[in-house]
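Across the two complexes that follow, subunit A remains constant while its partner is subunit B and subsequently subunit C.
Let's turn to the complex of A and B:
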């Protein structure tokens, strides 16, 4: 399923994560894979602790980093899509 | 002089050690086999078993064992344990146990085991994993040597050169070939070798449990031998990839494992050892300790 701006995402239940030195370390348990996110990725990841719309994530990114709203939405869509594919994020029904 | 009463001992003695009371992987076991069960762990486990109550351990397990031939599902490396409060259900291809934590470091277990060496060994390995992890320790895929009375462990993916690094520690003795448990004690972190692994061309260490000297992630280098402290995020990645874990894990247990790794790295920082084939390593590891 392709995500859109109104898609609602949240951290998956079968993950464990910690933020270490500004980088989120995320373990997707069913895959037994460990992912390290960069600073921007960590910002998005921590915002998705509770269900949130992708467009809201992009807005929050704009308020935190110098980036246009179009670019933020494009980047957040690609990033959340990737995390959903990896099993780290889930899409709320 | 007392009357000559003959006592039948139903267990097959395997060594100078009492086969039912021993230390393996930093856990002290007192096994109580059901009458008639010939309690005997396999050769590899005997090699890594030590005398009971001679070293700091992660925990003590009193375990009642009954035979269950029907459990034999063949060889598997899969070990499962799942904690629910202070009770864990532990299983492998050849054994099952209910493990109860009575107090910190003190456990009671009731186990069913395929009545042969492999079954007994599988049970001991599985209980060790469950206890070490519960007591804030880690079971690592590692080769290890004893240098000056301390354990230096090498971790890394298969083929990274763990055994090769151990072989380049001339003058040292090997204490782990494939796996080692590391665990906190009031005297600091300790390490204990566990069964398995390829031969190491060094003499074997006399002891089984040692104060932890270092854990180093092996990386091949073309130029020189160097040792540096890993960053925290490197340490988490490297230690987590080398961790031997239960195949059944809840999110809370996985998060607790990350916290254990962080606690370990704070008190005993992981190092990255860049090695070159043929370079001696003992002096580098000794320098790190100073």
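Let's turn to the complex of A and C:
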């Protein structure tokens, strides 16, 4: 399922995660894979600790980083889509 | 406008090295939640029933603090961890705090229901002690009739629940002859396997378990078995400013009663988790001392030319030689075997009768002909001062076992 701006996402239950020195480390248990996110990715990741709309994530990104709203939404959509595909994020019903 | 790359992949080891500003900051923890076991394994290094166990609430507080400290990898062990009534509650709490959880168990109590719950909780791995593919051998080691059946059944339940299962065993004189049959059995079962060629003394200093150690030929065969190790034996760099092991560095170890130790083997209290894990980790004097130790602080070993082949252990040195920071027979012996694995033949060791050194224990100096000669184990005033300051280095009751130097310069010098 392709995500849209109104999709609601949250951190998946079958992951382990920590933020270390400003970078999130995420282990997707079912894949036994470990991923690290950079500062911006970590910002988005921590915002998704509780269910949040993708468009809200983009707005929050705009308020923290110098990025246009269009670009933020494009990037956040691509990023959250990838994390959903990896099993790190889940789409709320 | 900046377009950013959100994600990168890396191995756990390089990640830790890259991310942590403090190289000693803990990324992992082992909590031994139960001071009891339902097996009585002949080789076990633990002494059960003397430490006591802290409460569910206390463990949850400790887990919360470990999470806040940035610990990601958590191993829940015992004794037998599943004997605690709150075992699942603690695993649930740990997973709620986003730990990657490994469970060490003997599998005896692993019902289908318990396994299913661990699968739902997405534990990273369950490691189960299985000592042989043959029930009679396993049961003789655990001293619990029928334990093999229950353990294998527990492993099957876990795999049915989608858990990653690793079956593991130390190599002992009683099971080392059937390594390949063991691996075949475990592989057919669908699990992974681990076999460790080392047997340690008990944590109370009892050395009875050493009788179960495998002989040299078996050890070398195991280390050369490509099914047991994919790593080619290598010579280390032997640098004197290197840490000797990971004790007190990167891994927090908490006993069933909340006592923190440098590792599961070294019985030196380095704080009480109930009084604050971070406080102990950052401020305990013994912990800080252990963390800072390098090869340069280990008398004898620092002069030894077999050092690049050595994997000595503070705890074993303390038990074997009464001196955590000096040479001891088993480490020297293992270093010689490692030399043989690297070079294809054992090192030639020449005794030094004038020093009353028979070649069993180092230090050794390599000669121009490639042979090794025993040299004096020089203990400095700085070594003595360190031992006076940190009593655990040379527990009084075990002193002078290694006093082989006639000059009084060796350990008798204390």
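Here, the second predicted complex is superposed on the first by the 93 of 93 C-alpha atoms of A that agree within 3 Å, B and C clash if a C-alpha of one lies under 4 Å from a C-alpha of the other, contacts with A are read in each partner's own complex, and residues count from 1 in each chain.
Going forward, a contact is a pair of C-beta atoms (placed from the backbone, for glycine too) under 8 Å apart; a residue touches a chain by one contact, two chains touch by 3 or more.
Small disclaimer: the values here were computed from a predicted structure and weren't measured.
Look at A:68: by the touch rule set out above, it reaches subunit C but stays clear of subunit B. By the document's definition of touching, both partners, subunit B and subunit C, reach A:14. Once the two structures are superposed, subunit B and subunit C can be ranked by residues of subunit A touched, with C on top. Judged by the touch definition given at the top, the superposed model places A:6 against neither subunit B nor subunit C. Shared-chain residue A:23: touches subunit B and subunit C both. Common to the subunit B and subunit C interfaces on subunit A are residues 13-18, 20-21, 23, 25, 27, 29, 34, 36. Against subunit A, the residues of subunit C that register as touching in their complex are 1-12, 15, 19-21, 27, 67, 70-72, 98-101, 122-124, 162, 164. Residue ranges on subunit B touching subunit A, taken from their complex, read 231-233, 236-237, 240-241, 249, 251, 254-255, 257-259, 262. The part of subunit A that touches subunit C in the complex is made up of residues 13-21, 23, 25, 27, 29-30, 32-38, 40-41, 44, 65-68, 71, 75, 79, 82.
Listing the residues of subunit A that touch subunit B in their complex gives 13-18, 20-21, 23, 25, 27, 29, 34, 36.
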